[in-house]
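Look at the two complexes coming up: chain A is in both, with chain B in one and chain C in the other.
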Partner chain A sequence: MEEQLLGNCMRLIITEGLTANRVSDYTQKTEALFASDSRFDSVVLDLSSTKNIDSVGVTFVIGLYKASEEHNKSFSVSGASVDIMSLFRLMKLDQFFDLNE
Partner chain B sequence: MAYHILIADDATMNRSLIRDVLSKSLKNATFSEAVNGTEVLEVVKYGAVDLIILDLVMPIMDGYETLRWLKKHPEFHDIPVIVNSAITEIKSIEQTLKEGAIDYFTKPLSPNDMQIILPLKARNAIKFYEQQKTIVSLNQQINEELKNANTFANILLPKEKGMKQVELYLKYHPSLGIGGDFFDCVEIGDKVHFMIADVTGHGIAAGMASSMIKVLYRKIIETPDIMPHEVLERMNQSIFDIFDFAGRDNYFVFTAFVGVLDHGVLSYANAGHPYPMIYRAEHDRFVEIRQNGFLVGMLKNVRYHTENFQVDPEDMIFLYTDGLFCACEGKDFTGWEKVFTLSRQLSGILTVSPKEFLEDLFYAFHMIHKTSGNDFTDDVAMMLLKVK
Partner chain C sequence: MELLNTEIESSFDAVDMLVRTAIRLLEEEVKELSQSQLFNINFMLREILNNAVEHGNHFENEKKVMCHIEYEAHQLTFRVRDEGKGIHLEDIPLMHEPKDLLRQRNRGHETIREMAFEVYIDQTEVTVILKI
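Coming up: the complex of A and B.
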């Protein structure tokens, strides 16, 4: 997972799958990010390089959304594939955060 | 703890030297000796050996053949073998290490070899073997426990026979003997209540969570005239009331589809579960039940809603979990449309034998995964209700 600070927006780019075998690593990094960094007031999860997602990956996205809320930062997802967007809509996650193409 | 070391060398002096070095440095070690590979096999067959120091050039059966024999037989495969030979060619060293020797040292032994290197190599090899044995023993215990858990999980499954208003057909394939997929179907009065759920993850923790869901579900549907959206909302609320990690550590998060069949009316609510299907017998076609909903256990105070669908006798309601179409390390959680396509192709079998339909659909996905070099990696649950 790469982190890019663009102005006051923290862009988190998932470069590999959003799956169970990788999520704990992502979770550790995002927890460290929220604990240490106050330079940003919005979080964008960039899924443009992500093809695969599983149920644990979905709970990671929701957890990231909740952490952003708790730290008073806005949250959105960008670049998700059509399939992943369908999945997020199936779970009504589009009611909680923006899904940008 | 006592260790038994077998020293195999056709030269008496070499055997004595190694025995002398190791007996001084390894407390509680006992020794056997062999002059060729055939004697090595006799010793290992008749007693426990924790380490073999193996010469390569021996009469009757040399060290290479002995090593290959040991590694080919599962009961001796894990015994560590340290090769001790005068052969210094790299190809020989490479070959023996590839055949499974754990280490290699050359003759003649230098003073450092005798005082430091050989004792350390021997000690490390024995420690490694002990750890291997512990792992094997723990694996056996775990497998035994998983078998017991699987038996218990099968007890929790709904019974296919005995329903007045529907015929019930089930297919359950847990990935690790016990899994996080759950389904239930029960008649209460004139109504048929059913639910399918998929807990995040799989294995023992997910299996425990699905057992709790069953108890929770059965308790909640005792409420007269309860609607599917209320079932989901109560389950969600109960999770947050009971578990202080709810919504945080994601141990108890699941998708679910809840339905109630009452005199030809199917009422349902969905919590992020892959869309079930209804086979309309009169029209010979499948229809997807497309409703979106939140996962259970992730967010407090979420609302679900109930929709209704008219069903007729001979119609069939087909529900499944995502393990059916997901496979490989980076699972594709989004391929549920394949289920719809394949189900349509198998509809001819469905009308003749719903049980066979489930088996054929399962096999079809097994073959799809196999052609990609994969197999089922998650639990698979399928439930089919045929309206009488």
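Coming up: the complex of A and C.
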């Protein structure tokens, strides 16, 4: 996962799968980010390079949304494929955060 | 036609490698599958394999997860078996209150049913059918 700070926006780019074998690494990185860095007021999760996702990955996205809320930062998902967007809508997650193409 | 018959060790990395292999095989052998169906199969396979590795075999090295994929008469059948104690379908919560949309667990089985897969659970073996 790559982190890019653009102005006051923290962009988290998932470069591998959003899958169970990767999520613990992502979780450690994002926990450290929220604990140490308050220079951003919005979080964008960039899924444009992600094809593979499982329910553990979905749980990570939900956790990131909740952490953003707790730290008073906005949260959105960007660049997700049509299929990943459909999955999030099937799970009704689009009512909690924005899904941007 | 048998497309895949293999076993893996009980780790999430092994699941990831197996699913990538299975999806490549399906792309090559079952031409009528759409990208959307392949995406759903990818999600479904990860779900049942992850469950077998984590909740069935508890990541124990000596325990394996078996995976069998078959294609016959416009129907794909996926069978995954672990070496755990087994579960019953009724043990899996399928319906949740709207307030639980952000729950941390028990999301996968409900989702794969909503993706139009038929799911059958017999103790340590999960069978999933997709009619194409």
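What we mean here is this: the second predicted complex is superposed on the first by the 101 of 101 C-alpha atoms of A that agree within 3 Å, B and C clash if a C-alpha of one lies under 4 Å from a C-alpha of the other, contacts with A are read in each partner's own complex, and residues count from 1 in each chain.
What we mean here is this: contacts are C-beta pairs under 8 Å (C-beta built on N, C-alpha and C of every residue); 3 or more make two chains touch, one makes a residue touch a chain.
What you are looking at is a predicted structure, and each value in this text was computed from that prediction instead of being measured.
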item: Contacts of A:66 with chain B and chain C, given as first, second, both or neither; value: both
item: First, second, both or neither for A:89, with chain B first and chain C second; value: first
item: On chain A, the residue positions that both chain B and chain C contact, one per complex; value: 17, 19-21, 51-56, 58-59, 62-63, 66, 83-84, 86-87, 90-92, 96
item: In the complex with chain C, residue positions of chain A that touch it; value: 17, 19-21, 51-56, 58-59, 62-63, 65-66, 81-84, 86-87, 90-93, 95-96
item: Chain A-touching residues of chain B, taken from the complex the two chains share; value: 198, 200-201, 247, 250, 253, 255, 272, 274-275, 292-295, 298-299, 322, 326, 329-335
item: In the complex, chain C residues that touch chain A; value: 11-13, 15-16, 19-20, 35-36, 39-40, 42-43, 46-47, 50, 54, 98, 101-102, 104-105, 107-108, 111, 114-115
item: Parts of chain A lying in touch with chain B, wherever the complex brings them together; value: 16-17, 19-21, 51-59, 62-63, 66, 83-84, 86-87, 89-92, 96
